[in-house]
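The structure under discussion appears below in the form of structure tokens.
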Amino acid sequence: MTTTEHSYKTAPQLSETLKRYSSIATFIGLVFLALLVSGIFLEGGGLTGAGMGHFLRAYLVGFWLWFGAGAGCLVILMTQYLTGGAWGLVIRRPLEAGAKTLYVTCFLFLPLLVFREQIYWWTTPAGLADKVIHAKSLYLNVPFLWVRWAIYSIFLCFYTMKLTAWSKQEDETRSTAVSAKLEALSAPGVLIFFILMTFCSVDYLMTLEPYWYSTVYGFMIVIGWVLTALAVVIATLTMLEKYAPMDHALTRKHYHDLGKLLFAMVMMWTYLNFSQLIITWSGNLPSEIVWYIKRWNGGWEAIALLLLFGHFVLPFAMLISQPAKKSSKFIFFVACYIIAVHAVDVYQLVEPNFTNVKDPHFYFSWLDVVAPLGFGGLWLAIYFRNLPGMPLLPLGAPDLVKALNHGRDH
Amino acid sequence: MQPVELPDKIHVGPVIDPGHSLASVSDKVAGIVLKRKITLGWVFGLLISFAILQNLMAGATWLLIKGVGVWGINIPIGWGFAIINFVWWIGIGHAGTLISAILLLLNQSWRNAINRFAEAMTLFAVMCAGMFPVLHTGRPWLAYWLLPIPNTMGMWPQFRSPLLWDVFAVSTYLTISAVFWFVGLIPDLATLRDSAKSPVSRAIYGMLAMGWRNSARHWQRYEKASLLLAGLATPLVVSVHTVVSFDFAVSIIPGWHTTIFPPYFVAGAIYSGFAMVLTLMIPVRRFYGLDDIITLRHLNNMAKVTLATALIVGYGYTMEAFFGYFSADTYERFMIWNRMTGPYAIFYWCLILCNIITPQFLWSKKIRTSPGILWIISIIVNIGMWLERFVIVVTSLHRDFLPSSWGYYAPTVWDWAVYTGTIGLFMTLIFLFVRVLPMITIFELRMLLPSASVKEPVAQ
Amino acid sequence: MSVHTDGEITLYGLMAEFETPGQLVAAARRTREAGFKNYDAYTPYPIHELDAAMDLHDNRVSLFTLIGGLLGCAGGFGLATWVSAVAWPLNVGGRPLISVPMFIPVTFECTILLGGLTAAIGMLLLNGLPMPYHPVFNVERFVNASRSKFFICIESTDPKFDRTLTANFLESLGAEEVAEVAE
Amino acid sequence: MKIHPISALLLSGMGLFLTGCRQDMQDQPKYKPQRPSEFFADGRSGRPELEGTIARGELNEDVAFHEGKDEKGNDIDSFPVAVDKAFILRGQQRYDIYCAPCHGRIGNGLGMIVRRGFKQPPSYHIDRLRNAPVGHYYDVITNGYGAMLNYAQQVQPRDRWAIIAYIRTLQYSQNANVSELTADARKNLPDPGKPLSAEQKAAQKSEPLVPGDSDFYNFPADPATPSGVPGASGAGAHKSNQPERK
Amino acid sequence: MPQIFKASANSFAKTSVVLAVLILGGGLGAVYELSADSTYATRQGDAREQPIPFSHTHHVGSMGIECRYCHTTVENSQHASVPPTKTCMNCHSQIWINSSTLEPVRESYRTNQSIKWTKVNDLPDFVYFNHSIHVKKGVGCETCHGRVDKMPLMYQQATLEMRWCVDCHRNPEQYVRPRQFITKMGYEPEIDAHATQEELGPKLVKEYNIQKLETCWTCHR
């Protein structure tokens, strides 16, 4: 049987379902975001007090997790244009939908920028007067921080816009010239993405601890994003597989490939974290080791062990088996689990920075749970709204047929 | 779930030239070993390589007679050519395992034509690499001290030292590469055994093939073992250069102690490895008329990998420079500034030229598919990667924390003798390899042929 | 070459030659379905369809590798710990004697080393290699098994084996040629 | 291609590798004590002191202590050092090492060497020697007497005085009255007619041959020797006839 | 015929694999034993030729001459010192004066030329070793040099391998003795000191303030 283009059309009940998902997510998101904002007042102190501090830290946790998910979608999308491969075509539309959340999430950093002095110590007058900060003032100054925020946001939004627009054009015209354009745009895009997002991770996260630095940090963060994004789109695929066109487009092989990719990213995350740990630990230099002292004392070691087992050992064990990767139910579970455990990772990237290195204390606020849920709801609401906007398979992609036959020839 | 039948677009070309059959690919590759006359060019090449190898003989002999003082190393630059060349060779080795293992896991069919050659290259490169630390000990006959075996000293190696990790990593790498390579060779040795005419070759290949008889039951276990080996070799290859990077990074020398070293070294290794595969494959492909098996698509793909890894390496340089500033650490800042403007600045800028600027030409598909230009670029990249190690080792060391301990490093003639000698060794082994073993995996080539796919008769 | 038999030679089995992999897979499936146990197919490259057709599912290589890998892992970490904490406790810069992060590289390499070696050696052992002599090599055309042709050999030790009936059976599978394999 | 020349070349190359198997860290080109020298005519690395040299700490100004003479050159008859029990015990130990082989443990001149044919020295328990001044003993140890060669290299000045103190003790003990012994000591005396009782045996055994460690090794620095290190002056002395090893 | 090997090749091949492993393993082990750990390499128990066949059995065992009679510097110096010819002449100016065996001694005394003794317990030059500290901490002569009173010609009792040194440095309580028995040959803690080594050792370690010196620079300085 030759499949006609008709069968690529998104099934109507799918659009309905996605709309419903979007409303549910909107509801959840708004409720939790409301809770998050209420935290400022429940924790007390008004706009300059402790409650605001807790709010901003939790806000950063939630923001970073889901901002990263969108940015991760964008970089996977670009990488996929470069490398080709069947695994990428079936997730292209979810990736595009995910990347489009950046239109919103980029701007969600603004509250942190406005209230920067309560979370980024270096932006306070005392911080700026500090000797070490002053020595970096060429980079660490507030006006330039605003400029950098603008650069990151423009880059992310511009690339998302161009890639989705051209993808649509490719769909409509089936022109290989457009495909070539997408490839040509993506190639430098990946490079620029990595460099800019490294600076972004320095600005948004690393400078919470303004003396500390680690050269692998940006790479590590971006891999974390890719992991989150991949988990999101894999979970989405398992939801979509019941509906046309995915019901006949997806094979076990796609799940297998995506599962392998997820596995690879888990390994990569572990590898980079381990590299940073062993080098910092063995060097034991005062300026660097603070980061680990704060994360291995005063109760934080529980989080570190949780990440070791939860973010590496368990996913490793779950994803090593081939049948497991091919089972959509199981891979859905693994994907959701990975998003959850990665939220813990983001939490431990942010919160321990605020403890005292001489006497670290574990700190956990209910806001740290509320924020990721609130941002997640918002993110998913946009994501599910974007998803049915285009056919779920990129009809104009040159390798589509090969991709769809993937896993059927044996 | 019926296959969708729409025309498929092929970008650059097929992985194997149409027109080949099971018998023809077997005969073609086996014929290079069995039938092809020894050409003057080959003999000439081997003799030249062998002559260069004598540099190693002379250099190593003189080293053993006089001690490591014949090299240019001295405090503060106690690590000179030996470690530079070690890292360089190990890095070159990486492409072989990467091509055979990772691409096997990723089901990339284009690997088949080049994996055997690349694996052989890995083995030879690791052999060359392994020689340097052993020679650098000054007393190689005591190299067994590096191993954790009971000894007359009542001492054990220090498991908290990256240099010991190196021993484990490199020896494991050599062993597993050799095993992987040999396991891959077994079916092809059987082919050579069955195609050979002379009783001597038949006996030799027969012994090496160990009685492989292409049994389906054997193939089933064989495939499983290959897959497992590939699965193990993939993290292994990453670990090896990671451990090599730890040699530097776990110290506290500015320019060495930086957390990006592991991924950046691995990328650099793959980069130089692919460059070396290109350097070797392009002439071999030409002299042995293998254009139909190692197609332009292979070159294109390898060039793409080269470009991608070049960009990662470039990212590494950028991060080093940025964090040199961002650290606000006197020593870090001085190191990076000195690297760019100090006495060795010329090497740094040459390295940027070779490693970052030159590969930008690979953005053009035209260049990626012109063997000649690609070959020149690959050689430049090889030089660039050597310079990278030189810069990392020498510029980080030559300005000690204490200005009174500052020094300058210049290799002596014996440094060069050993270095060029290993190139001679490498080339000699490559020349011998292409004559005595099939340089392309024949049985995997067969699998690529259209006629190899199973179409069962309807009357089953 | 068919061995011209007059009952004098001991028969190892009967060997049928096929032209295409498709024929072979079909023939192998039918051989199994006909109830033969001691038979084998010979192909110039691994054919995954044969695993199903011949019902091959030997996972012992994986098991060996797993055991080898775990042994290597435990051995590597155990060695590092024993050496650093028991046999030669040495204070290095105040770091703990059992420095877990620093032992991971060696543990990892040992895991790979033993895992890889058991994978390769396990495969050879299970395949009974090295075995330079094997009766199938007695068939002249068998050289093509490593080149371009596909073979099935039903062994005389099979309970259902009968010289004439089995030969007829093999011919019925579409074999180009059926040869007798001397012991 | 010919095999033989190449394998010969390889073999000779390998042969050169063997030259590497040497022990240059084991045998370093440096002088350790009593190591031979190819540089000096007498083959010794340790050099004898030049005539008239006074090494640090060897300016022996205290004539009484170093020569046992008074200003007039007569043997002194009083110890130039403080004598206490520890000093005497030290003397006993040194005596047993250096003197007992000839003079015997109790100073009767019937040591092991004498029994093998060495000329018998006089017993210490004759009147001439009982009445000899301590300076005389010092002179004999330092310069030899009759068949006895000097012990200047083997016994350092302070030890010589210790030995002399011990000889005095020996002389006294061989001439003492039983009544002068304490009751405890008297209990341990053997009865000439009877074998030793078990307690007596045990008491003899538990009596250490040499005194307690602190006395034995860490006797106070001699104010008369400028260096304060006993034996410091010996290093140069014994080199004058230093044996060499190959 | 495509058959290349005879049927016997199968067992031959399998045996040879096993044998190769055994021979390689055994060979390496043998090389290791011979090259590092054998008495051939350490020269343990190897009585050396000397210019004069000096017998410790005779001088120490039968004559009862104390170690320090000749090795005078052992308590105060790094080096125990081989005695000068003069020390021999203390007795041999009178005893055995006609012995041709002793002619080299007399010749050395006459000519003031050193006797070229062969060093028996020869540590590598990269090892710093000091006799005096060992003697002061209660390491008996016998502990390292063995029953010298039973050595007609001197030989090296210990392996002198680093492992041997380190063994005592790690567990000094197993080897030390009271200082008054330093030079005693055939010392037995139960008889001489009325205590077992298990009781005595830790006590002495404490009393003599013996440290477990295991750093590299204790011996390699």
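By letter and in written order, the chains are A, B, C, D and E; residue numbering begins at 1 in each of them.
As a working rule, a residue touches a chain if its C-beta (ideal position, glycine included) is under 8 Å from a C-beta of that chain, and two chains touch if they have at least 3 such contacts.
The structure displayed is predicted, hence computed values, not measured ones.
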Query = Going by CA means, which chain is nearest the middle of everything shown?
reply = B
Ask   = What's the chain with its C-alpha centre farthest out from chain E?
value = A
Ask   = Is the C-beta contact count larger for D-E or for B-C?
value = B-C
Message = From the centre of chain D, which other chain's Cα mean sits the farthest off?
response = A
Task = For chain B and chain D, let me know how many angstrom lie between their CA-based centres, rounded off.
result = 70
Key: Approximate Å spacing (C-alpha centroids) for the pair chain C, chain D   = 81
Ask   = Measuring from the mean C-alpha position of chain C to the mean C-alpha position of chain E, what distance in angstrom results?
value = 58
Note = dist(centroid_CA(chain A), centroid_CA(chain B)) in Å evaluates to 35
Message = Which positions in chain D are in touch with at least two other chains?
response = none
Key: Numbers and ranges of chain E residues touching at least 2 other chains   = 2, 4-5, 10, 13
Task = Two or more other chains in contact with one residue: find those residues in chain B.
result = 155, 160, 193-194, 206-207, 210-211, 235, 242, 246, 453
Inquiry  = Give the list of chain A residues in touch with chain B in this complex.
reply    = 1-3, 82, 132, 135-136, 138-139, 176, 187, 190-191, 194-195, 198-199, 202, 211, 213-219, 248, 251, 260, 267, 271-272, 275-276, 278-280, 282-283, 285, 287, 398-402, 404-405, 408-409
Note = chain B partner, complex, touching residues on chain E are 2, 4-5, 10, 13, 32, 36-37, 159, 161-164, 166-167
Ask   = Which of the residues in chain B come into contact with chain E in the complex?
value = 144, 151-155, 193-194, 199, 202-203, 206-207, 210-211
Query = Contact residues on chain D for chain E in the complex?
reply = 23, 25-28, 30, 32-34, 36, 42-44, 96-98, 101, 112-113, 116-119, 147-149, 151, 153-154, 206, 208-210, 213, 216-217, 229-232, 234-235, 238-246
Remark   = Listed in rising order, the residues of chain E that touch chain C in the complex are 1-10, 13-14, 17, 214
